[in-house]
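As written, the chain order gives the labels A, B, C and D, with residue 1 at the start of each chain.
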């Protein structure tokens, strides 16, 4: 059924895009966090 | 220090830009044939007088907006080629006056371009215009080119001297000038009476063009200084 | 002053990141993250399984549970960008924190707007039989999407952090001015050229209680996701600004020692 | 006041293209001095001059020019300095006179100032009617210097002003700079031609790898 494919695709795309954004952000954060001292991280 | 009067800076920048164009004829010799060619190519491609009459307004403004990118880049190439823009910044003058001067010069060049494009539409596409339509057409050209002059100068200044400006400028400008493209096209169609449109329908669009020009005239005067002042 | 916020001083000691959290995480982001996952899971299950098919739209209404919230959150993100930018520009003390929030929010907004456009065209294919209609709402959304891609391109122009903040702040405010202009011209343009009545994405849907609740849960889930992403992204921006700053410290030291060795 | 500091830099770092072109410069210049910046290519002379003109942001340290704090207000200093960079800042399609009149209108100078400046740099008469694009490099340099003269700046910042000039042009330039100094201006210039420049300068500074030392 074509409908199911389209509906499924829209859910996968949405959640996939969010996860991709999150993973890329966290990975970049981890890399730069090593170079920065904790006292410069106001959220800690 | 003594600040030079705004009006003097505006007129100095305006006459400088126009005089350079009169000497170098870059816009006349390169942009005008390019825009004219767009009109001719469409005449070949569509090859149908009825269709051409209907789309004439859209083609005129599409050609204008494509030419806008070239004219804006040329306008700032004049100032960046020998770092005159740096000298302008160091001269400590009011940059919003520079913005106005350059925007007016750009608008006048666009008006000249549109006169030629509209003449081409009369010749190639057999459009017709009534007396009331002509008034609408002239007002529409003035309002639309003023808006384009403001917004082109603003984003041209931002991208001047940056790497990748050839692609960044259209990316920034295209969504912004979309309202001008739509409104000017509809007003011009109303003036030509394309597809049975009444002349009176066009004036609302001219109103939108005026609002656009006012918004970017004021926004540009305020923002131009901070944008290029680095 | 501005400089003191990012000034790390010259110190070569590596940081001992606290083990409990990942680099940009805190207790608060953990809670938001867990909540977001839970609510999102509910939206997916309810949207795909529990809710009934719509009388008019049929099964394709299920796309709405992700499409509508992502559109709303995209607009929310651009509003946040505009507010943060105006705080940066108009506040006396030009705080770079606002600039980072503006940038992070715009990035997330562009992502949600891309999701909106894609899911919207999938829905349109099922409902209208076409991927795209020149409907005012769609057209405005597409122009807005390009505008904010341009905004992100301006953020990547070279220059100092302050230059980036000033340029992009101005562009963000201009973009906000542009939204009503684009919207009115497009609505006006369509209203003069009536075509077949287009199915309104929200209007024609007869929603029962569970469907409304699922849609509402979608908005909550996406808001949580938005908050989580912006918090992390904005902190990541601070980290990369700071580590660039450290890179600069090292470059200064290298250039100075080059002098001593001569 | 016995010695009024026109330029006062303390540990100034200036970043250009992600590179610390000036890496901790400390120096000061008093009113009425003619200071020569010497040093190899890439030492940061150009960056230093552009920063003094308020064109580049200060990344670290404190910089004060003509009483303006450059890290808080770079723009205020601009109307009071005159900068001649590597480029001349001229419009190729305009004549020498048109260029001069353009800049003089912007800074509010009179036609008389323009004529005097053009005579001082030897570009009056027939040369004035020539398009800049048709001039030699040295003639363009003279034109740029003439448009700087009408600015009547309090601080002159010159990057390789002697480059491209013939002996006569250099004499005219030196005379102009001394006259400017006598009327209360301060001059900082960078040059590679040490012999010539030393006779003009009242003091020399050595710039190497972004740092400044007395020469």
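The definition used in the following text is that contacts are C-beta pairs under 8 Å (C-beta built on N, C-alpha and C of every residue); 3 or more make two chains touch, one makes a residue touch a chain.
This structure is a prediction, so every number in the text was calculated from the model and none was measured.
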With centres defined as the mean of Cα atoms, the chain at greatest distance from subunit A is chain D
I'd like the Å distance between the centres of subunit B and subunit D, where a centre is the mean of that chain's Cα atoms.
37
Provide the C-alpha centroid distance between subunit A and subunit D, rounded to the nearest whole angstrom.
51
Distance from the mean Cα position of subunit B to that of subunit A, given in whole angstrom:
42
What whole-number Å value describes the gap between the mean CA coordinates of subunit A and subunit C?
12
Among all residues of subunit C, those touching at least two other chains are 158, 163
Would you please write down the residue numbers of subunit B that are in contact with two or more other chains?
230
Specify, in ascending order, the residues of subunit A that touch 2 or more different other chains.
none
Name the touching chain pairs, please: which are they?
A-C, B-C, B-D, C-D
Would you mind writing out the residues of subunit B in touch with subunit D in their complex?
1-4, 8-9, 12, 16, 19-20, 23-24, 78, 81-84, 86-93, 229-230
Per the touch rule, the subunit C residues reaching subunit A in their complex are 8, 11, 13-18, 21-24, 26, 40, 44, 47-48, 58-60, 62-63, 66-67, 70, 107-108, 111, 114-115, 118-119, 122-123, 125-126, 225, 228-229, 232-233, 235-236, 238-240, 242-243, 246
Mind listing the subunit C positions that touch subunit D in their complex?
1, 3, 7, 158, 160, 162-163, 248, 251-252, 255-256, 258-259, 262
Within the complex, which stretch of subunit D touches subunit C?
13, 15, 17-20, 23-24, 57, 59-60, 71-72, 208-211
Complex contact set, residues of subunit C against subunit B:
143-144, 146-147, 149-150, 153-154, 157-159, 163, 166-167, 170-171, 173-174, 177-178, 181-182, 184-186, 188-189, 192
